[in-house]
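Heads up, the next two complexes both have chain A, just with different partners, chain B and then chain C.
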Partner chain A sequence: MWNEAIHSLVFYFLAGLSILTAIAVVGSQRILRAALALAGVLICNAGFYVLLDFEFLAGVQVLVYVGGIVILVVFAIMLTSSVELVENHPSSHRKWIGALAASFFFLVTSSAFLSSDFPVDRNALRSIADVKLLGRKLLDYGAEGYVLPFEIISLLLLSVMIGGIIVARKAPQSEKKK
Partner chain B sequence: MDMLDFFPSSILQAADTSWQTVTIAQRASSAFRDHDLSGTIGYLLLGLLFTAGLLTVLGLVLIYAERKLAGHFQCRLGPMRVGWHGILQSAADGLKLLLKEDIVPENADKLLHLGAPVLSLMATVLTLAILPLSPTLQVVDLNIGVIYVTAVTSLGVLAILIAGWSSNNKWSLLGAMRAGAQIISYELSATLSLLVMVLLSGSLQLSEIIQSQSDGWWIWKSHLVGVIAFVTFLISTTAELNRTPFDLPEGESELTGGFHTEYSGLRFAFFFLAEFVNMFVASALIVTLFFGGWMPFYIGGWDGFNSIMGLIPPGIWFAGKSAFFIFLLMWFRWTFPRLRIDQLMSLEWKILLPVGFINIFLAALIVLFEWHF
Partner chain C sequence: MMEFLSGISPGIEHWLILSALLFSIGIYGVLVRKNAVGVLLSAELMLNAGILNFVIFNYFITPLIVDGELMALFLIAVAAAEAVVGMAIFVAIYKHKKTVDVTRLDTLKG
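After this line comes the complex of A and B, so read on.
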């Protein structure tokens, strides 16, 4: 009984915290604070994974999203804008398009939420949570393996990296003169 | 390929002893299962107190050691006045920092400026909790230990970036950008070295990595692969700690103080403490991964020697080994000149990273064909 109580207490704490930080992401006037609130949301998600016994996924979530993506976002903000930057008043045209896009997104997510049921299968979760099994599944080229998506993702990342280098590279001196 | 093949394979292997590990978290959960509420709360409090105590003691001892060593490296005596040979100097300094006025710059983002030091210290404390200091002295033994360490240290980078940004000062901002770029770059090769050790020991759990060294430390067992991983890990953690030769983010002559230029009093103390305790965390990780953690030093066949070594408790072994690596890091500071920023980046991206990739490939081959001892 105690176990259940603590479990749900932690769950509601994390849920409340992630909703609050998610509101802060879109509501904050200062863009760096919004980025940090995003880090908060992602850490709360990692907390949910821990509650579901997915420690590995939680670790990867913090490593990739907070340690990688949020820091990249913070870097981008620091390189582009000044401390004083407060979101300027958008035009009414932009406001309308934003409202439309947001309501469509809300419709899609809520219809997906309502139309699917969420079966709880704890044993299935346990078996995936094992890191060794996860690794074997990722490199398994049988019918139930994920080697093809894994390799496609790595190819995609490679091409993105090469693209990034080409975009960021300085033009050689001889080309500039032309 | 490897020099260690010249040794007969038994010489550096220890007597096979298995160690029973019990963490504080395990004790708490077993007390919880027995419906022993006071025991559960007691063990949880013990875990908290242990982490807080470790943080304080490490802060006091390491700052004193750094000042004393710096003094002796420069043919000075270092602090001598407060207590016997200046032994109370850190306590006096801590008191001074507590009483100092805490100044927040006029146009700073106040909330973030106040929050950044706390986040920085938090990232450090979170790693302290999973270090296996001895078979019975570990707060939590996560089964994703290595991933947890890399994930939590990335929070420290975030703290530095926030500190530099929210100070509203160009030196702070430049220092923070340098620190961020440096730590993110060197994190790559540090993680690659960690992965080599994960490959060799076949586990992400720190206590299991130590257990896998019961028949010899990985630095002896893994041929050249372990040595290369150790050297790259040592270089990249020194860079991640922002210590000389890689202390560009706080180079006094260029940036006044780097990201903590605008910090004073207690909040500066937080950054300072986090930096010194991170040094211990780095040394403890090196010891855990490469030098057998709490395992004593055994030489195969020398039974008398081994039994004497076995008398020394594992906690002392761990403390001694990590003290050696902390000394090494402090020694670096007075030995190597500071790198230039372009040298720093080319060292990582053109030397350490390719070496790390080749090394992890070799490690995979060695593990696949079971070439290691």
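After this line comes the complex of A and C, so read on.
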């Protein structure tokens, strides 16, 4: 019972925190503050993964998302000098369309979630050594394995790295000649 | 107090509604933000809600296998790739146009 109570207490605390920081991401005037709020949302999500017993995934989330992507976005903000660019108020027309689309999406999905009957399996206990299972699955050639997506992801990351350098490098050759 | 708290322990619906809420906040941001980097931030929010959904279904429906967690790992890698490409494109646009305001980037508008 103690466990359950602490579990639900942590869940509701993290849920409230993540929703508040998510609203800060979309609503704050200064874009740098929005990026920091995004880091808050991502850390809350890592907390959710710990709550659901996915400790490895929580570690990856903090390392890659908070340590990598947020830093990258902060670099993008600095390089495009959006720091000084204070977001002027969006027109109420845009705001209404955004709020309408978001609330419709939320209503439709949550009603679908509430009306459907999920085959929840709470009795089976998760194995502790699931990182081992993860590694085996990632390099498994069989029908249940994920070796092909794993290789494709590595190619994708390589091509993204090269493409990023090419797109964002200094002036192209043709402009230098002028 | 303890009885109340253990009585409202979150089931699958609570988790799914939480992730739907995060996703719809992301939709609002994508539609309302003017700065392109802000749009990218909101898209990251939506991606994160999707990853959370994979993890929730893995935990509640198939607790004995790790496929949902693997999908979440792949999605994190794809999100990193997306952020890199987005940043490169915004830097290139900024060099040409001196702005990243998405309402003023309307060259392709007929």
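Throughout what follows, the second predicted complex is superposed on the first by the 126 of 178 C-alpha atoms of A that agree within 3 Å, B and C clash if a C-alpha of one lies under 4 Å from a C-alpha of the other, contacts with A are read in each partner's own complex, and residues count from 1 in each chain.
As a convention for this text, contacts are C-beta pairs under 8 Å (C-beta built on N, C-alpha and C of every residue); 3 or more make two chains touch, one makes a residue touch a chain.
Bear in mind that the values here come from a model prediction, so they are computed numbers and not experimental data.
Engineer: Chain A residues in contact: does chain B have more, or chain C?
Structural biologist: Between chain B and chain C, C touches the greater number of residues in chain A.
Engineer: Considering only the touch criterion stated at the top, classify A:V60 as touching first (chain B), second (chain C), both, or neither.
Structural biologist: both
Engineer: Give one of first, second, both or neither to describe whether A:L17 is in contact with chain B, with chain C, with both, or with none.
Structural biologist: neither
Engineer: Should A:L36 be classified as contacting the first partner (chain B), the second (chain C), both, or neither?
Structural biologist: first
Engineer: If we overlay the two complexes on their shared chain A, which of chain B and chain C does A:M78 touch? Say first, second, both or neither.
Structural biologist: first
Engineer: So, A:T109: does it touch chain B (first), chain C (second), both, or neither?
Structural biologist: After superposition on chain A, A:T109 lies in contact with chain C alone.
Engineer: Is A:G164 contacted by the first partner chain B, the second partner chain C, both or neither?
Structural biologist: Once the two structures are laid over each other on A, A:G164 reaches chain C alone.
Engineer: Kindly list the residues of chain A that each of chain B and chain C touches, one partner per complex.
Structural biologist: After superposing on chain A, chain A residues 2, 56, 60, 68, 75, 79 contact both chain B and chain C.
Engineer: State the interface residues of chain A toward chain C in the complex, per the touch definition above.
Structural biologist: 1-2, 4-9, 11-12, 15, 18-19, 22-23, 25-26, 31, 34-35, 38, 41-42, 45, 48-49, 52-54, 56-57, 60-61, 64-65, 68-69, 72-73, 75-77, 79-82, 85, 87-88, 90, 94-95, 97-99, 101-103, 105-106, 109-110, 113-114, 118-122, 124-127, 130, 133-134, 137-138, 146, 149, 153, 156-157, 160-161, 163-165, 167-168
Engineer: Which residues, counting only chain A, touch chain B once they are in their complex?
Structural biologist: Checking each residue of chain A against chain B gives 2, 30, 32-33, 36, 39, 55-56, 58-60, 62-63, 66-68, 70-71, 74-75, 78-79, 83, 131.
Engineer: Of all residues in chain C, which touch chain A in the complex?
Structural biologist: Touching chain A: residues 1-3, 5-6, 8-14, 16-18, 20-38, 40-42, 44-45, 48, 51-52, 55-56, 58-67, 69-70, 72-74, 76-81, 83-92, 94, 100-101 of chain C.
Engineer: Please name which positions on chain B make contact with chain A in the complex.
Structural biologist: Residues of chain B touching chain A: 32, 107, 109, 111-112, 142-144, 147-148, 150-152, 154-155, 157-158, 161-162, 164-166, 168, 173, 176-177, 180, 184, 187, 204.
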